[in-house]
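Order of writing sets the labels: A, B, C, D and E. Residues in every chain begin at 1.
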């Protein structure tokens, strides 16, 4: 068959293909708009319903059976407690695990198992962590439905996030820094402590903030841990009982009185404000360090 | 500055006053070049002189790079390929390309060759077309028993011939090759060189190469490029390959060919 | 095979029958070499011949590569550095290293120099020690006003001198340098070369270089390495630099030095 | 030089530090064991009384409510069907939308647009799920009910799988899009160039070359997102209902495995009772479900990474 | 009692642990909230583990007060005795379960207990109002009720179906009464039941159904619930107090406050308070 015949058999229909391409493009854009519209309507809905209920006393008052008097003080303080302890438990262990995997671990089957295991733990539903906390911390270790039990549960839940992010950060430290340090007679621990970790710090912080913002919004495991619905006190030590913001919001959503839905929305606004500022800080740190390493 | 001795009707590609920019960086400056039909033209020159860039101007592959911009004219069979009414996909159908690193699709050998035909609505006998293209690329005997195997299972040299078969399948007029053998072992390289000579009976071939011996062996015409202080590439000299290699007119060409510089 | 003319007491490092493996790949074969105290020894040879590998055997940096293994003996001041009772960090303290790409820590200039002292429990006057080291590396005048600035704010050549100051600070016996100037401009390169000559009055220096002129300029002794068909690197010839460059005994050495091969 | 160094102490310290770091890493394995052991421990009592097969294949779930004969039923299939129903609706939203977004971001979007849109989508992934539950219940369901079709106006009740599934779909879009995009970005540029050089349009190159080449990564993103949907708790607790029902009708109220666990953990059933221990049995099943899918998903992610 | 803010010596501190029924919870929560204004130093934790769950903790001495929507069972009392826990029972009010239909429903005003039983018994297949009673129109019937994990459910099933937790399963169950309210308000054919308090909150959106237990149709109203004529869906609400806890001044103060304001707060929360004399009697028994 001659070339001309082949060329004749081709039917590039360019106009049609181009039109199909345009249609597809419109579909892609539409998909993005769906996502953005979903986000926008969610935020607007929350704002619209919650804004009238926002006020200073909402932050400084305890919950009440009267919507006008209700606030989320105990939930805010409970969340602060849980976050603080969770950070305290998670960061050393998570960073330690990451350091082990990146700097110390031999390439053997155990290391493989640990790695696979961590990525799987990241996918375990949060309510399952709640059951773990309920069985192990509340019941077996008899810590009760306390802040410390809640924080331990939350730590296990967000640990994989910290580990994965810290590993990325540690891996990004140029190996020339390690070599220079070893070349000066530093031990492995000195190299890790004085060279690797300082350089990986922004990445670790970003990962930690993201982990914390996950923890701040988790309600399910806290519901499994704590049955407290009404709390007029803020925890003063780790063995106090507690409630947290998302659980408070959940209780308000469940309330049959419509004005409490407004409170729930107001609570959501507070929660999202905290969350978004945490994310903004994380993004800021990420951008700043990216710029620096490009320099 | 151009010194092609072919007549106008024998010219497949004709470049006039071409400037090419990546954003604000001018990568090519005032290129003038005619490419003769059914022959092999070699582009040689030091690294960074814009050989690949020029090659990609011929089938508008540069369009894919954000910020890339062309000024001047490239005529393909007398038609301005940068004219607004021209669809780059159509140009690419008629000006095929083979890349430095063999890049078969992660599909079967058969589907690799059939890809271009399928998307272009080929209505003939596909099996025949695939076989013909593989034969054309001197690959048929080696793969005829495993057309369903993945293209990635082939050796490097076979992969490159598969890529040539893939380019040949849609029957382009021109085949552009950017260092097609530089990632291959010497034996595969010779096979590709033979293939180029063979294909040049029916196709116009433009090949970029770093290998002087290769340029001397396979090409009819040779164009030498280099770059100025501003890093913009330009064409120093174009001519009959034999003449360029034995008797270059420009001393920069001579310096490059004899390995004194570049 | 070794042809050092120094006496035993003048020998800082002495290598006997050294084989070195990366996993199952033998990178070095039967190396025998003596390094003379307070002199510059250059390691030259084609890429992949194992120069860096050999250099890293001298301060056990290869220990950090999983699967790396050494057979044979390396004596440092008469002591076997691969003896099980020896702590590699102690060896590295006494055998310093400067790398191809300047790699100051992302800390202040001061902290870069102080780093090695601090981790080794230095109890003297730190400011003095830092100043002395920076002077030693011919950097003091350029940085004395901005010791708190990040080491990364320096130019490439300054960074490399900072790395030398850092290495010098802990007062090692030997300084290993792996192509210390290859990432630098010519002027910085000359500064580093001067520095090497200067330092060799007090330190034993082993330097890997690709630059023949550099080897000829800075070194007292030159060792030429190449590799066999199995890609294992071995030592062809060691000798007085002047002799190696003017009158090599081995034709492979001559071929390499005159640029005919490698 | 006034360097001092206690080598022995250094070595010992090095070993201690090594083991400390090792212990940190081992924590993750201990956590997994803890999960399995505590779920098994608590559900053993349950399986002592209820045969496993009856649990797994029974079609009625009423661990509290008794039938006419005064019996309770422990067949978990209604919870499983409820879970799969919501997750499937979510997948039906998130898979096409996420894939389309991924194609757009990886093949079409200019760098600036991509850098703007990705963080916005990540915000979607970071919103607490109680918020999604609230949104589904107080916004999406009323919205659906305002659609002038008989099915929605008359038959759609406040708790339904549909709005929970739709909102969950919105929630997992970023997961699909970002993992799929990673997979597509990893496809070598040279393949795209080859396809363009053969006269392919952008869409053809995307759909015929990039998507197939990234296929296992894309499938992995689907699986991981689906697994996330299965494990999602608060959204369904708030919006999908508390009616264990073996149905695939999206306008019905159903109950998922996760919502059941919350219901009992939060409710009045005394701890330690057989009814109460059902939550650990359900938790065990849920864990097995998501574990299987995560292993598969991560296996696929790794496979596509090794391909090029 | 005196409701002067605490000054100096009479400011109390300590923690009071309360657990138990979700039905009584709103009342106790209201009391705790008001009490806090008087004694901000006293921490009152109110949990909801259900009447049974609450007694479980109460009888081992974990809690000071247990909310209950039924009298303590013999077995629970024995457990308390075994653990050395002595307690006082205090009646605080009455709850009337309300049966609801959609506001647009113009054909149902009253249902008999038998009809309710026919509808709600396990295995019941009644899905259309015309099967409930001859003369009712052809209108799809859909059922709403509380979560199976709630005291309301237990109580309703016991009274209507004869045995606790026995019920048909195919109804829309929700722990969130709001959903029930909304569900019934939005569904022409709906029928549902929940606590009287929630009906009170949503009087305008829902239509309440009178119940005929053989003595004619009776609507749930404070008077009918209190005098017991609203049968069988009214039930007593209690709190149980550990006698030992009573030795602590903060518990004493709290209970005094509870009994002083119980009448008002019970009413505010939508239940029917008992006669003021009962609160006084409670106080007397506890020695307050």
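Keep this in mind: contacts are C-beta pairs under 8 Å (C-beta built on N, C-alpha and C of every residue); 3 or more make two chains touch, one makes a residue touch a chain.
Everything numeric here is computed off the predicted structure, so don't read it as measured data.
Peer 1: What are the mutual neighbours of chain A and chain C in this structure?
Peer 2: Common contact partners of chain A and chain C, which must touch each of the two, are D.
Peer 1: Select the chain at the greatest separation from chain C, using centres from the mean of Cα atoms.
Peer 2: E
Peer 1: What are the two chains with the most C-beta pairs touching?
Peer 2: A-D
Peer 1: What chain is most central when centres are computed from CA atoms?
Peer 2: Central by C-alpha mean position: chain A.
Peer 1: Taking each chain's centre as the mean of its Cα atoms, which chain lies farthest from chain A?
Peer 2: Of all the other chains, the one whose centre lies farthest from chain A is B.
Peer 1: Whole-Å distance, chain B centre to chain D centre, using C-alpha means?
Peer 2: For chain B versus chain D, the centre distance works out to 49 Å.
Peer 1: Starting from the mean Cα coordinates of chain C and chain D, work out the distance between those two points in Å.
Peer 2: That gives a centre separation of 55 Å.
Peer 1: Take the average of all CA coordinates in chain A, do the same for chain E, and state the distance between these two points in whole angstrom.
Peer 2: Centre-to-centre distance between chain A and chain E: 39 Å.
Peer 1: Measure off the straight-line distance from the CA centroid of chain A to the CA centroid of chain D, and report it in whole Å.
Peer 2: The separation of the two C-alpha centroids amounts to 15 Å.
Peer 1: What are the residues of chain A that contact at least two other chains?
Peer 2: 12, 17-18, 187, 227, 253-254
Peer 1: Which positions in chain E are in touch with at least two other chains?
Peer 2: In chain E, the residues touching two or more other chains are 48-49, 175-176.
Peer 1: Give me the residue numbers in chain C that touch at least two other chains, ranges are fine.
Peer 2: Only 89-90, 93, 120, 170 qualify.
Peer 1: Show me, using the given definition of touch, all chain pairs that touch one another.
Peer 2: Result for touching pairs of chains: A-B, A-C, A-D, A-E, B-D, C-D, D-E.
Peer 1: Considering the complex alone, what residue numbers of chain E touch chain D?
Peer 2: On the chain E side, the touching residues are 21-22, 48-53, 56, 121-123, 142, 147-151, 153, 157, 163, 165-167, 169-176, 179, 182-183, 186-188.
Peer 1: Name, in rising order, each residue of chain D that touches chain E in their complex.
Peer 2: It is residues 60, 62, 64-68, 70, 137, 145, 154, 157-159, 238, 241-245, 253, 263-264, 266-271 of chain D that touch chain E.
Peer 1: Help me check something: in the complex, which residues belonging to chain B touch chain D?
Peer 2: Contact set of chain B toward chain D: 59, 61, 64, 66, 89-90, 92-93, 96-97, 99, 101, 103-107, 115-116, 119-120, 163, 166-167, 170.
Peer 1: For chain A, which residues count as touching chain E in their complex?
Peer 2: 62, 64-65, 227-233, 241, 253-258
Peer 1: Taking the touch rule as given, give the residues of chain B at its contact with chain A in the complex, in rising order.
Peer 2: It is residues 87, 89-90, 93, 117, 119-124, 128-129, 132, 170-171, 202 of chain B that touch chain A.
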